[in-house]
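Each chain gets a letter, A, B and C, in the order it is written, and its residues are counted from 1.
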């Protein structure tokens, strides 16, 4: 079930993926074993493809770069120098050095983003109040037609503040209402539903709540039930109604 | 009593502050703090006493129709008036900017609808924006009240350097929605395969 | 000194309360109170001290984006979360945070330069950050493309609880090697199965 959660954006790009591999292999960023890292990198790309996830072009470009560095390093030193001289290229260290530099630079901001996340959280612990309504103090004051000194961004900023402003819960309860629906819960509900009626149900009737979260969770729950042979799906012809029924003697979930 | 270990007074002060003009009833406080209403009343009485005793405070707790709320002390109202009159660093207050944003994105819109979104009275910001010719009345709403509908003006576009209202940057919810949509599309692309061969394993 | 006769601290507290999350600058306070900015600063510092000293208080004065405002103390956040809902509680994505970090430290900066550092397209995070008013266009780069340059906004400071941009923590030069480990493991736990048989499907 779990691998359904994997998204292509599990990494923020090829540099992020490389940093991850470097960490996982516990190697020094300034002394990267090119062959190993390339192999691991390609394995990852391959996995993504097995999982039928789109692999963004940036990842493929990086794969090519790694392969180029690796193959150049395999060449005997003098041949490689000859080749470089012929083609007017620098040494392979230059490309590797460049990559390491990029990794180090990127890592700084990735780390800073961790700080930002923490600051965001800390700030969220403090609550403020909207400006008081002071109209009573200003009844006889006429707004002057002065030069404005604000930009579109000030307006958007004020609007963001408004959106972030907390509101009293109505009706007030001690629990926060919105909750994610666990797939397991939805699976049990679907099974109950199907077993109770003992007949097949239209696929579409199994989506009682048409919000995105519900649709996705219900769909995932169905996939999992199919995998576990707990439900059965039939369709008589292309584009005809899809029916879902409970399998007899399926494991009690 | 445990009341002295947990800082109930401080917590109640926080709650009253965040509740703003809406205030809180004893029942609400008791619910949030998971205590009895009687205890809540005791805490708020103590808090009120503290405020009363301390002449240096600029705010106080008031009771209005069964709800408690924080408010500025009456003695300081002259300064609040000056706050309203004193020219702002930026010439539009945050209240006015918020109101302008709501009108820009949701026009035509009535004052009641704006107040619903902002949660506070909006008479004055509308007044200010009208005086600065950034908004205007564009019609009347259907219904008994026939309330005025507000919209932005040509001056608004000029001022913010927009050719037309559609040039406003999209709202974040909109962006997030688009983003979710993409994600969902991606997801449904991915999982199509198993659906196509549902009974295969049987 | 007249500061002790007029209850300045109380007045400032009233003003801050009324200003709410719009906050007040020293300049505004000085204007309203008809005193020097330095005096205003002195008063606010005293007020902040009073709040800090008194553990029983549930609110405090914070400095955000060049303004002072009242806010609830962090310790009480658990109770406040029971009382209020924050409609836009959604936090920034990893992509948005990285992009924002690059902009914050290297502003003004073009999108191409950001993409150079991140190694991926960054159009969407920039879009989100603009819509959330955390960044803005601050000019155009020289050169043929005349690309937009991005910088952070006042809302950025507010959102992250910063007084001013100089208050940003220094950019980490030396990085702790472990920081990535957790999230990485999470991913590989999930995909371990296919990883074990990479060539199987061929």
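By definition in this document, contacts are C-beta pairs under 8 Å (C-beta built on N, C-alpha and C of every residue); 3 or more make two chains touch, one makes a residue touch a chain.
Chain by chain, the UniProt names read as follows: A = Segregation and condensation protein A.
Quick caveat, the model's predicted, so the values are computed rather than measured.
Engineer: Looking at mean CA positions, which chain is nearest the middle of everything shown?
Structural biologist: C
Engineer: From the centre of subunit A, which other chain's Cα mean sits the farthest off?
Structural biologist: So the farthest one, by centre of C-alpha atoms, is B.
Engineer: Rounded to a whole Å, what is the gap between the Cα centroids of subunit A and subunit B?
Structural biologist: Distance between chain centres: 30 Å.
Engineer: List the centre-to-centre spacing of subunit B and subunit C in whole Å, with centres computed as mean CA coordinates.
Structural biologist: 20
Engineer: Measure off the straight-line distance from the CA centroid of subunit A to the CA centroid of subunit C, and report it in whole Å.
Structural biologist: Centre-to-centre distance between subunit A and subunit C: 23 Å.
Engineer: Return the residues of subunit B touching two or more other chains; collapse runs of consecutive numbers into ranges.
Structural biologist: 14, 17-20, 28, 32, 72, 80, 83, 87, 93-95, 169, 171-172 - these are the residues of subunit B that touch more than one other chain.
Engineer: Residues touching two or more other chains, restricted to subunit A: which are they?
Structural biologist: Only 127-132, 134, 151, 154, 156-157, 159-161, 163, 165-168, 172, 174 qualify.
Engineer: Could you pull out which subunit C residues touch subunit A in their complex?
Structural biologist: These residues of subunit C touch subunit A: 17-22, 62, 69-74, 77, 80-89, 91-92, 94-95, 97-98, 100-102, 104-105, 117-121, 131-133, 136, 153-155, 158-162, 169, 171-173, 175-181, 184, 187-191, 193-195, 198, 200-201.
Engineer: Along subunit A, where are the residues that touch subunit C in the complex?
Structural biologist: Interface residues on subunit A, with respect to subunit C: 2-3, 5-6, 9-16, 19-20, 23-24, 43, 46-47, 50-51, 56, 58, 62, 102, 105-117, 119-132, 134, 151, 153-154, 156-157, 159-161, 163-169, 172, 174, 176.
Engineer: Quick check: in the complex, which residue numbers of subunit C touch subunit B?
Structural biologist: Answer in residue numbers: 7, 9-22, 25, 27-28, 31-33, 50, 55-59, 70, 72-73, 75-76, 79-80, 82-84, 88, 90, 124, 127-128, 130-132.
Engineer: Which stretch or stretches of subunit A touch subunit B in the complex?
Structural biologist: Listed in rising order, the residues of subunit A that touch subunit B are 4, 7-8, 52-54, 127-135, 137-138, 141-143, 145-152, 154-163, 165-168, 172-174, 212, 216, 219, 223, 226, 229, 232-235.
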